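We just call them A, B, C and D in the order they show up, numbering each chain from 1.
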Amino acid sequence: MANADCIVLQGGNMAECHPVGFQWVSEAKARGAVVIHVDPRFTRTSAVADKHIPIRAGSDVVLLGAVINHVISNDLWFREYVLAYTNAATLVNPDFRDTEDLHGLFSGFDPETGHYDTSTWAYADPEGGGIDRPGGPDEHGAEQSDRAAGEAHGSGGPSLEHAKVERDETLTDPRTVFQILKKHYARYTPEMVEQLCGISAEDFGYLADAVTRNSGRDRTTCFGYATGWTQHTFGAQFIRTAAILQLLLGNVGRPGGGIMALRGHASIQGSTDIPTLFNLLPGYLPMPSAGRHDTFTDYVNSVGSKKQKGYWADADAYAVSLLKAWWGDKATAENDWCFDYLPRLNGPAGTYQTTVSMLADEVEGYFVLGQNPAVGSANGRQARMAMSHLKWLVVRDLNLIESATWWQDGPEIESGELRTEDIGTEVFFLPAATHVEKAGSFTQTQRLLQWRHKAIDPPGQCQSDLDFFFELGQRIRAKLADSDDPRDRPLLDLTWDYPLDDDGNPDPESVLAEINGRHLTGDKAGQPLSAYTEMRADGSTEGGCWIYTGVYADGINQAARRVPGGGPSPSQSEWGWAWPADRRILYNRASADPDGKPWSKRKSYIWWDAEAGKWVGDDVPDFPVDRAPHSMPDPDLGGPAALTGDDPFIMQADGKGWLYAPSGLVDGPLPTHYEPQESPVANSLYPQQQSPARVMFPREDNLDAPSAGDFGVDVYPYVFTTYRLTEHHTAGGMSRWLPYLSELQPQMFCEVSPQLAAERGLVNDGWATIISPRAAIEAKVLVSERMTPLSINGRTVHQIGLPYHWGVGGTDAIVSGDAANDLMGVTLDPNTQIQESKAGSCDIQPGRRPRGEALLELVREYQQRARVTVETDNIRITDPAREIIDPPPASDPPPPPGADGDEPWGSRW
Amino acid sequence: MSVSEFDSLRPPEPAGGKRAKRRRRSGGGARSWLGRGADGGRDMPVVPDAQFTSYYGKPVVKPAPWGEEVAAYLFLGGVAGGSGLLAAGGQLTDRPKLRRNARLSALAAVGLGGVALVKDLGRPERFLNMLRTVKLTSPMSLGSWILSAFSAGAGVAAANEIDRMTGDRLPLGPLRKVLRALEKPAGIEAAVFATPLAAYTAVLLADTATPTWNEARQDLPFVFVSSASLASAGLAMVTTPVAETGPAQRLAVLGVIGDVTASRLMHRRMDPVAAEPLHHGKAGTMLRWSEGLAIAGGIGTLLGGRKRPVAVASGLALLASSVLTRFGIFEAGIESAKNPKYTIEPQRRRLAARRAAGITDDSITTA
Amino acid sequence: MGQLSGPTDPAADAHWDINKPRKGFFTDTSICIGCKACEVACKEWNRNPRDGDLELTGMSYDNTVALGASTWRHVAFVEQGHDAIERARESGAALVSLGMPAVRGGGSSETVTAATDTAPPDTPEFRWLMASDVCKHCTHAGCLDVCPTGALFRTEFSTVVVQADVCNGCGTCVAGCPFGVIERRSDGTVEPKTKRGNQNEQQPAAIGANRGGTSAKSAKTQVPNAGIAQKCTLCYDRMVDGQTPACAKTCPTTSIKYGDRADMVAQAKERVAQLHAQGMTEARLYGANDNDGVGGTGSVFLLLDEPEVYGLPPDPRVPTADLPQMFKRAGLAAAGMVAAAALSFVKSSLRGRR
Amino acid sequence: MARRSFLQWPVLRQFRSGDVLGRGPAVTSPHTRALEPRTATADRVVQSICPYCAVGCGQKVYVSGEKVVQIEGDADSPISRGRLCPKGSASEQLVNAPGRQYQVRYRPPHGTQWQSLDRDTAIDMIADRFLETRRRTWQDTDESGSPLRRTWGVASLGGATLDNEENYLIKKLFTAAGAVQIENQARI
C-alpha cells in the first residue's frame, strides 16, 4: 500500500479502525500519493485524506460502476493487461441475459425459491451451451447460497468443468465479457451517481480522474475496504465492483495495487482460512452437502475439476490430506478416507439461522467463545431472546460480558419481557486466557501468520480455548469409549493425541505441525511437508489446512520468524509466514508484462529471468517458477500444468482475472446496484428495488421499515449506519472493561448533521432516541458538520451515524449504554450470509427513551403508524409497474458473457 | 421537545455532575459561540472581540489548586507581618501593651496562617520539604523561609509575653534566662522579616500565569502591604487600649490611603480585560465592600480613634476590609484562570502591539 | 546563576556537567489521525489513573478535555468550516509575510520565502483538526522555577520532571505554568455515577497486585501519587535507558516524533516549508523560537491554525521572567511599609512626647 | 550517617554544586537518581502479536515476577514498526483488567445468582450436556434419504481472536461430533 500512487479508501475508516496499518497510507501520501476517502461520514480517515467524498450508505456499486463506465467509454483501461490477464475476451453463454434486459434481474431467477439458476451465466462452451461447474449444471443458486458459496471460494475462483474457452481478442463480439460489461454499466453515469449516491459530478470527476491517472504501466492505485462493503445484502458484489475496476486498470498482482480487505479482528483471516464457519472446512474446502456430495468422488469433482487450470484442480489431494490428518490410519482409500464421517449441510447454518433455530427450540446448547452476540449481533433483542430458549450456554471470555449476564440484567429484563426466574437456561462462564497467556498463531489481514509466544501462565482458573477444547474432546471421547454406535466413530477415531506439557495441555506447535501436514510414507515419512504441491490424493500425506502448508516446513515454526524488519528483502519475508507458500503479493505474475518483463522500472516486482529460465524478483513468484512467459501447455493437462505463460490468476479455473464471474456467485455474475433492504430511496437504475437473491427472515421480531414508494416510508425517514471507533473494539468485550479506553469514549452517541438537528430539535451533548422497526435506543447527540445531508433523487436524505460498541448489562463494565445493533434487522447477503448493518431506516427524536413496557409500546406505535408487516420489504421481485424515477431504456439485444475476478486475497499494502 | 405520550416515562434528565455544571458555567457566554468547536467566526452573538477563539471555551491555564485557606493565609500573613512591626515599634517606643498584644497577635496570625498553608498542601505530612531547598526563583520557597524566620522571632517574643502573663509560671527552668535574653533580638528579628512576610504573598500571586494576578504584578505588593498595615493596625486597635494605639491608628490611616490608592492604580494599569474579574461577580462585590470598609475604618480612626468603641469598630472594619481584599483578589485570579478569554485576549493584544511596534522575532508562533 | 528568560541551554543553566543533547518532541498535527494511542500509551506506561467522569463532553471526539494530572497527552479535536479555514490560511500567510525569522539571527531565510507566491489550493468546505498536546518542557519553565521544594527539576536531557517522592503538593507550579499543563492530582476519584462497577477498581493496579483470585477484585487500589503535582516527564525513566517515550513510540503515523531538540526543530522547519510550498499557508510552528516568552519549548508543534484554537496560549510568557522586577516592587512596597510604620511611631512618639 | 544525609541536604548541594537556583542536580532525590524503566528490569521479554484488529502489530510483553508489567510495540515488526493504536497500547490493561474474571461461574436453570464451580466439574458437566443434546437432536438422513450424520442441537460462535490452532481444534472436534453450526465473527 505504501507503494501506491493513489489510494481509495471506501466502505471503511482505515485511520480509525486500523491506525497502525494507516501508517503505510501516511507514508504513501508523504511520497505524493493521492488519498481519497469515500464514506457517508467525514471520519478521522477523511481528516487526513486529500479528499473526502460523502456518499449515501449502500450506493457504492453505483459509484464504482460509474467509474467502470468512465474507464470503458473513455478508453482509459490498461489494454495489454486486460487482454492478456483477464477474461475480457472470453465469450459467454448465448443464453445469458443481463439486468438491462430483465428489469434488474439476470437470467435464471426463480421467484419461488428466490434463487438463481446460474447455468446461463457460464462461459460459452466451444461445443455449444455453457461451461458448467463440474458435476453438471444441476447446482442452483439455492444450494450455493445455502453453502454461502461466495465465501466458499474465498481463496480463488470457483471451479469450471474445463478451461477450454472461446475468446475474441478484438473484444468486439457482443458476447465477450468486455462487451457485456460495457453494456451493463452504460447507464451508471455521473448523473446517476449524483442521483443515487448524492455525489456531485465534480467530485465524481475528481475520483475518476485520480484513479485513472494513477493507473497503468508506471503507476498503481489501491483500494481499501472494510465492513462498509461487506455488510450489505449484496456486499460481495461491492468488492467485485472494485475488483473489476482494478482489473480494467491493471492494478491487481502489482506493487501498490490490489484491493485491501481491512479486517477487524486479530485472526479473522485465520478463522476463515481455518474456519469456524459452517460452510467451510480448512483451506476453503466446502462442507459437503447432502444430496450433492454423497460420495467422495462427487465431492472432489465439484470442488475442482482435474481439467480446469490452476491449483484448485488438485482439490482431491487437499481433501484427502485433511481427512488423513483428522482420522489418521482409520482413513483409507477403501472407506473414501472417512469422507462419510463428515456431517452434511442441507441448508445454511449461519449465526442468524442458528438464532432462528434457537427461537424454535431446535438448538439446545451454545458455545460463545470470545464473542458478544448480545451486543454484537444484528437485531440484538432477537439474539438475546434466542439465548433464553437454550438449555445450556457456555460463555468463555475475559470479562462478564453482556452475553453471559443477559439473564440477570439484559434489556429484556428491564423491559419486563423476560423474568430471570423464568429463564431455564443453564449458563457456564469460563474465564479465558489472554493473548499473552497462550502460544499460538494469528493470521493477519494480509494472510501473514505470526506466532505469539507465551509470556505467562493463565491466572486462576483461566484457560486457553486450545486447552479447553482439547480437554472437552478428551472427556467426550472418554465418555463414549464404550460406545459401539456408528455415529460415535468419528469422535473415537479422531486423532486427538497431541504431545502434552507438564500441566497436561497440548503443545500448540504440534497442532500447527498437523495443520502444516507431513509425509506419511516413503523416505520422508514423518517429515513435515514443505509446500502444498507435495500433497497427494493417495493417502501418503496428511495436512490439516493445505493453504497453510509450509508454515512448518523443515520442522521449523516459520510463523515465529522474527528477523528484525523482516530481513533485507523488499518483501520483508523473514518475518512470520504468509500463505500460500510465503507469497506476499498474490498473482504477482501480473506484475510483469506478458513477455515477463516488468511493466515499468518503477513498478518492477517479479520478472522472467530468461537465462536462468525462471521467475525471479522481490517475492516468491506466485506462479510455476519455470513456466516461461509464452509457454502454451496443452489445456487438457489440467491443473497447474495447464497454466499458460500468461495466466497469472493461478487459483482461477481459467487462469485469468475475472471481470465477469461465470460461476461462484449466487446473486449475479456482474455487480448490480440494488437498494438496501430498507431504504427511503427508490432504485433509479432498475425497477427491481432490492437484491432479489437476498436472504430474508420475515418474522414479527425482525420487521423492516417501508422502502421508497411504500406507505409509511416517512415514519422512518432517516438512514442510519453503524461503525466502529478507534477507541473501542467491536461489542466492547475487550474495551469497555478497560478504564483507559472507556474514558476516551465513555457514552453511546449518535452523530447528526446540524440540519437534521434543527429539523428534529436535537441538541449537542443532549439525548436522543432512535427508533427502528426492531427497537428504540437512546444515545447522546453529537451535532457535527462531519455528517452531510445528501440530495438524493431531488430529496434530502439525512444519515445518522451510530457506533456499535456499547451494550446494556454485563458486570463490571466501566461504561455501558444502548446497543446500536438492536436497531438493526437481519437480512443477509446470499453469497456470504453476512448481515446488512451499514444501512437501515429509523426515526430520531430528542430526549431519552422510555423505560419498561413503555419502550415496547413506543416501538409498536411506530410499527403501527408505518403499517409494517412481515411482508414489508420482503417481496422478492419489485413490481416493475410501480412508479420509478428513471425508467431504463428499451433493451438492446442481449450481448454475451463476460467475467469477473473476485479478488478477496487483496494485495499487499 | 417532546416525542410522544411516553415522555413521562423517560428517566429524568440528570441534574449534571459537578463537573458538568462547572463546564457550563465556565463556558458561560463562551459556550454560545463555541458550540461549534473552536470555530469562533460564525455564530458569535455576544463576542466583544471577533478575533477571540478558544478550545470549546475551556481554560488555557489552570488555576492554582488552592482553597480558601490560602486566601485566609494572605490575610493572616499580612496581619502577622504588620503585628510584628507594631510589636517592634511598641518594644522600641516602650508601649508594653501594644508590644504584648501585637506580639501575641503576630504569633497567633502566623500560627494560624501556617496551619492554613499546611492544610492546603496536597501532602501535608511533607510540609518540611518546604525547607528542602532555597529557591530564589520561588516566592513560595522564599516565603517559607521568611515565614520560618519570622515565626522563630515572633515565637520567642510571644513566649516571653506569655510567660510574663502567667506570672513566670511556664516550666522553663534555666531556659527562662535564655528566653529573656533572646526577647529583644527576637522581636527585632521578627520585625526584619515582618514586611517581607507581608509583601512576598503579592509576588506569590503575581508570579503565576493566572492572568489577573500576573497582570497586577506592578502594584499588587503595594496593595498587599497596605492591606497588611491597615489590618494589623486595626487588630491592635481592637486589642489594645487607645492610650497605646496612636501609632497603630496612624499606620491604619496610612494603610487605608495606600490601599485605596494602590488598588485604584492597579486597576488602571492592568489590561482592561485582565482586570475584569476584579470588577465582576463575587470578587467584584468583595473588593467594592473592601474599599468601602477601608475608607469607613480610616475615617472612623481619624475621627473617633481616641474613643475605644469607635476604635474597636474601626479596627474591625479594617480587618474585614483586609479579609475582603485578600479573598476578592484571590477569587478574581481563580476566576480569570478558568475563563480562556482572560488568557487569550490580553496575550493577543500584547502580541499585536509588539508586532505593530516592529518587534516580530519573539512570537512563539513562527512561519 | 541561571537565566530567567531568553535563549539558553537549560541543562547547562541548571549546572549539569553531563553533556547530553536536549531532547524534545516534534508533534506534527498535520498527520495526526486522532487515534489517542499516545494518551493510552502514556497512561499505561506511567500508570496514571483513569480521568474524567465518564460522560460525553460533546466536544467532537475529545472526551478527556485537557491536559491534567492524569492525562499527560491530550488529543484535541476541532471541526471547522470554510470560513474558519480561510481565516487560518490568512493568519498563517500573515506570519509568513511578517518575514519573521524563526530564530533571531539564525539561518532561516529559506523557510520564510517558501509559500508566499504559491497559489493556495481550493479552500475545503470542512476540516477536522486533531492535535496531540503535551507538556512543553520549556527552556524557562514556570513550574520548575516556582517550585519551593525542588520536586520539579531540570534533567540532564533539559526536560522538566516532577519527583513524586519530594513534592508536597503546594500547587504553586500549577499556577506557574503558562500552558495549563501541570496539575495536582486529586486524592479521590470521581464520585461513582448511577452506574455499576466500583470506580476505585478502575485505577490501574499496582505492579504485582494480587490477581488470580477473587481477592484481586476486592483489593481496592489507591490512586497513585494523589495530592502531588503531575505532568509529562517525557518518560524520563525510559530516557535514562535510551528508550523512546511511550507516546512517540506508539504513534501510528509518526505525528509525534522524538529526538534531539535541534533535530526536531530542523524537521519542523522543513515540514512547514514543505506545507507552505503546497499552498497550505495555515501551517505554522509553535515553540520553535528561542526568543519567545519561555525561551523556546522542548516540545515543538506544527499547527494548522492559531494556537488558541487548540487551547494553547497565543503569547505565553513565563511568569518568572518578570520576577526580578516583581521582587523589586515588593521590596519597594516592603520598604514603604517599614517607612509607614516608622512614621507612625515617630509621629506618635513626637506627639506622645508633646 | 546522619552527617552524610545532612550533607545531602539540597540546600547545601545547591551552593556546593553551583546550581544556586536549585534547578538541576542539586535537588534530585536518591529515588530519582536510581530511576530505571521497568522494561529494563523485567525478568523476560516475550514477542507477541496484538489481539485486537487484523493488522497484526508486533508486541513485546515484559514480565516481572510472573506478572505482565508492560506491553508495547515491537520495533522489529515490519508490519507495525513498533507502533500500536490505543487499543494495542492498552493491552497490558486487558491482561490486568480490573473487572477480569478468574473463576468459573455457574448459573443453574432459573437461578438468580451466579454460583461458583470448579473448572473440572464444569468441563465435565459441559461434556455431559454436549453428548445429551447430541443424542437427542441427531439427524441421520434428510427427507430424501441422503446422509446428514449431524446434530442440529449444538451451535458455537467463536470470536475472531481465537488462534489458528484453537480454531482448528474446535472445527475438528465439532465436525467429528457432527455439529455443523459453527460460526464466528468473520461473518458478523
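Structure notes:
Keep in mind that, in the parts below, a contact is a pair of C-beta atoms (placed from the backbone, for glycine too) under 8 Å apart; a residue touches a chain by one contact, two chains touch by 3 or more.
By chain, with names taken from UniProt: B = Polysulfide reductase NrfD; C = 4Fe-4S dicluster domain-containing protein; D = Dehydrogenase.
Here the structure is a predicted model, which is why all the values come from computation and not from measurement.
Closest to the middle of the protein, by Cα centroid, lies chain D. Interface comparison, A-C against A-D: more C-beta pairs in contact at A-D.
Rounded to a whole number, the gap between the C-alpha centres of chain A and chain B (Polysulfide reductase NrfD) is 68 angstrom. Rounded to whole angstrom, the centroid-to-centroid distance between chain A and chain C, based on C-alpha atoms, equals 45 Å.
Centroids built from CA atoms put chain D (Dehydrogenase) at 27 Å from chain A.
One simple way to say how far apart two chains are is to compare their mean CA positions; for chain C and chain D (Dehydrogenase) this gives 34 Å. Looking at chain D (Dehydrogenase), residues 10, 20-22, 26-27, 67, 71, 75, 83-90, 93, 98-100, 102-103 sit in touch with two or more other chains. Annotation for chain A: residues touching 2 or more other chains are 19-20, 23, 459-460, 726-727, 739-741, 744, 764, 785, 811-814.
Shared interface positions of chain B (Polysulfide reductase NrfD), i.e. residues touching 2 or more other chains, are given as 36, 132-133, 135, 137. Against chain D (Dehydrogenase), in their complex, chain C makes its touches with residues 1-2, 11, 13-17, 35-37, 39-41, 44-45, 144-145, 150-151, 153-156, 161, 163, 165-166, 197, 201-205, 207-209, 211-214, 216-217, 221, 235-238, 240-241, 243, 246, 249-252. Within the complex, the chain B (Polysulfide reductase NrfD) residues that touch chain D (Dehydrogenase) are 131-137.
For chain D (Dehydrogenase) in complex with chain B (Polysulfide reductase NrfD), the residues that touch the partner chain are 9-11, 14, 20-22, 26-27.
Contact residues on chain B (Polysulfide reductase NrfD) toward chain C in their complex (touch as defined above): 14, 17-20, 23, 36-42, 52-56, 58-66, 81-82, 85-86, 89, 92-93, 120-124, 126-127, 129-130, 132-133, 135, 137-141, 143-144, 195-196, 198-200, 202-204, 206-210, 213-214, 217-219, 221-222, 224-226, 228-229, 233, 246-251, 254-255, 258, 337, 340, 343-344, 347-348, 350-351, 355, 360-367. Of all the residues in chain D (Dehydrogenase), the ones that touch chain A in their complex are 44, 46-58, 61, 63, 66-68, 71, 75-81, 83-91, 93-95, 97-110, 112, 114, 117-119, 122-131, 133, 136-138, 140-142, 144, 146-173, 175-188.
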